[in-house]
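Pasting a structure below so you can have a look.
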Amino acid sequence: MITEGLKGRDFITLRDFSKNEIETMLEVGLRLKAENAIRRDHRDVLPGRTLLMMFFNPSLRTRNSFEAGIFQLGGHGHFLEPSATRMPTLEGEDVAYQSERIADVARVLSRMGDAIAVRILGGAVEWQYEKSLKIINEFAKYAEVPVINMEDNIYHPNQGMADAMTLWEHLGRDLRGRKLAVSWAYSPSTKKPIAPHHDFMYAASFFGPDIVFAHPPEMRIDPDVEAAIKANVELNSGSYRVVDNMDDACDGADMLYAKNYVCLDLLPPVTSEARHDEMAKLFGKYRCWIADERRMRMLQRAGFFMHCLPCDRGFEVADAVLDDSQWGTPCYDEAENRLHAQKGVMASIIP
Amino acid sequence: MITEGLKGRDFITLRDFSKNEIETMLEVGLRLKAENAIRRDHRDVLPGRTLLMMFFNPSLRTRNSFEAGIFQLGGHGHFLEPSATRMPTLEGEDVAYQSERIADVARVLSRMGDAIAVRILGGAVEWQYEKSLKIINEFAKYAEVPVINMEDNIYHPNQGMADAMTLWEHLGRDLRGRKLAVSWAYSPSTKKPIAPHHDFMYAASFFGPDIVFAHPPEMRIDPDVEAAIKANVELNSGSYRVVDNMDDACDGADMLYAKNYVCLDLLPPVTSEARHDEMAKLFGKYRCWIADERRMRMLQRAGFFMHCLPCDRGFEVADAVLDDSQWGTPCYDEAENRLHAQKGVMASIIP
Amino acid sequence: MITEGLKGRDFITLRDFSKNEIETMLEVGLRLKAENAIRRDHRDVLPGRTLLMMFFNPSLRTRNSFEAGIFQLGGHGHFLEPSATRMPTLEGEDVAYQSERIADVARVLSRMGDAIAVRILGGAVEWQYEKSLKIINEFAKYAEVPVINMEDNIYHPNQGMADAMTLWEHLGRDLRGRKLAVSWAYSPSTKKPIAPHHDFMYAASFFGPDIVFAHPPEMRIDPDVEAAIKANVELNSGSYRVVDNMDDACDGADMLYAKNYVCLDLLPPVTSEARHDEMAKLFGKYRCWIADERRMRMLQRAGFFMHCLPCDRGFEVADAVLDDSQWGTPCYDEAENRLHAQKGVMASIIP
């Protein structure tokens, strides 16, 4: 655990942080979680600080965990929807009096708050894969305070932190020798982000597990992120392997992470625009990709299920799995850990 | 006044509470009101607690009184609109990626907050009478923290508490021998809820008044609630009587509560869907049902008017009544008491 | 600096305040700014107070500065959009169940909060010039707590306070002998308010500068406000002069304030309804009215640019001006001073 070098940093992707730094933020989060459990007030951690939360997309977990988290640390979160401000835009996309250049929004917000958090993905950027991260980076370029990524098309680092915290709690801090089954799953929706898969695996990779990732051939993840996951997990004495069916992943695994996500090959920049109809048809071939009781029984005895939520019950995961106290509870722990992990991040980086 | 057994309870309908418990929460609320009056800070009552407020319908009084109330107690309220999250739905009504099962929303919010408050009624459930309470009960079933009803189609218990507090202030804690005139009133709108009438009368019934309730024959209230009001008021040495004109109710009464509400026989489940046009025609027959100066003069000398607001001035109630300091002020006291009564409830039930 | 007579006052227009009172509020704001800079907590200034902020128009700076400001003083701001309440309306404009008379909204909010802040202008009142102030005055008439104007069609007094604070910081508290260049500027939008110009000049007028105001002949300001500016600046040993081109204003000035605003002669009450198309055509004649590098070089050596933001980069002001650290930084200081100036106002008037 290191205590230097985090204050003032942006939190945009886990790839910007060392294992040591990630561990520090997780330990801080767990310490605050324990204090919460005994109702010990810690509003002296970030007294009077303000977090400006900008949501271009709907949110339940992210919004409530950040808003409650900054409050419990002594601060206040502003819930900002672009519809109630003006649309922050990149240079060249200005619309007089309806938009405001991010260069200005970021500078102005920096003068009024202690950190800026942004969620932007999917439809909010017409499914242009790299654009949402570009926008968050533009905020970071001009902001004089830390910028926190609350999910873009590529990364969801706060979800990754909550996932790592949940794995620590259920499997221990050392994941070497543990088999993590990770999988695509079916949903009638074609709008689910891929970022949670990326960051579940990247966050886990710091602790050396054997990751077995199952997906239909068409549902590849981002090759650059995949290479980073593989390199990081191997550096930490683990392994990364891809298989083409859920059963192979589940067999003997310690846990199963299964969730739907979009097909990158039917979205920009591969296609000129999002092809959701085609994607729905493609997904239809893989309806049997569900986390059900049979597959849960293929795991180790104390095996469990994880999903960042919201989930499509009956499609991605069976009710019987989610509602089982052994299998399903870690999923709600994972949601709760959004609060604690993010408090660890905020307490570490907000000056 | 009892001090045990309230922490951790849901607050969904007044019918779940004993007279002793209701009195305790009102006394706590009045104590906090007095502290407010001398600017004595009481943010140590619920320090660091979060209240997750979910509004499926617009709100001025309810939202501001809860948000200010939890803040004054030391906590923070999250203002949540379903449009900014995903629609919480009952099993069988899921829409992939647009909705989220209440079983999950309630469990997740429980992990992030200390109480969940829900307002859902009227158009938000297509006027299906029992559905809104069913949804709130579904939240309560899965939540691990107290659930507070901020108004459904049947109950508005926090309004009832504010009404009782206002009656206490103006008529005393013992309402035996007091005549309360309660009435339907005309409005060009056909979208006003019936819950405030239910809970005005049910809340008052604990203290033994003589309730005389006037309504056009078509504007019956819920028979199950009516039976509960009658039983409770009689148990507490009062009486309940229905008349078919406002004048009979007003004659010699200590106060008048008059407000429009929908015709239950033109709404589901009686009809297959809401018949607002027919309702407007029906209401048109009863334009003279207004709280005007003539009727106010039929009351006892110190008589006054109550209404949960917002009201339709000139239809339900004359400007001359509302703007009169004797007649109309209790109406604004009633609005203010939303704040104090709800602080009494929250301070009592939130652990 | 006076310390009496401000508590409980409304803050609707600067014209209601003496120079002494304005100075007091600015000094309080600067004191709080200095405390912020050394992270000295001052949440004991308005502990437990609530500010009810009602926004009929989008807002970035105003909303965040008020919300952060009241929080830093120990209170809490409620962010209220009329869509989430019911539309507060003047008498005669009621719509049953969709609107609520301001007389009632103001009285109810007064019972629940410690101050009411309102922003309403432009499209929210169909561009009826005087109506927005009339609405704010209606709130003030019925409210029992201070009412704060967060911008109407005529006044933006909190912007004026921030402008004055910024001028103090860059030019000193005594503006006698200083030349302030104020100008209309081109924008493709025809929806920019005139209130910031009014209150930039009125706020500055207390400190005796020589104001040279350039605008195309069609873009007159409000003659009543203009007379007040002229009278006040002369009373304070300064002068006010109008010219018909930007260069004359800029020549040798200490700073340049340039911003687009609507043509009052193409809006009600002059015309029966807003003529935006005609206005766009008119504006087209004046595309060269931009704050560019050439004009900035006409200023004194340490000259700088001010604008209340958001600005249309490339139209009202060149990127090279805004992004220059000497010329452009005061513009962001001006945005930041919204926070500090408003804290000075709130700390002074909220009881």
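A few points about this structure:
Letters A, B and C mark the chains as written, and numbering starts fresh at 1 in each.
Everything below uses one rule, namely that contacts are C-beta pairs under 8 Å (C-beta built on N, C-alpha and C of every residue); 3 or more make two chains touch, one makes a residue touch a chain.
Just so we're clear, the structure is a prediction, and the values are computed from it rather than from any experiment.
Between chain A and chain C, the least number of touch steps comes to 1. Here chain A and chain B face each other with different sets of residues for the most part; under half of the interface numbers are shared between them. With each centre defined as the average position of its C-alpha atoms, the distance from chain A to chain B rounds to 40 Å.
Multi-chain contact residues of chain B (touching two or more other chains) are listed as 76, 79.
Chain C contributes residues 47-48, 50, 52, 76, 78-80, 83-86, 94, 96-97, 100-101, 103-105, 107-109, 111-113 to its touches with chain B in the complex. Those residues of chain C whose C-beta lies close enough to touch chain A in the complex are 39, 41, 43, 55, 58-61, 63-65, 67-68, 71-72, 76, 79, 81, 187-189, 191-192, 309-315, 322-323, 332-333, 335-336, 338-339.
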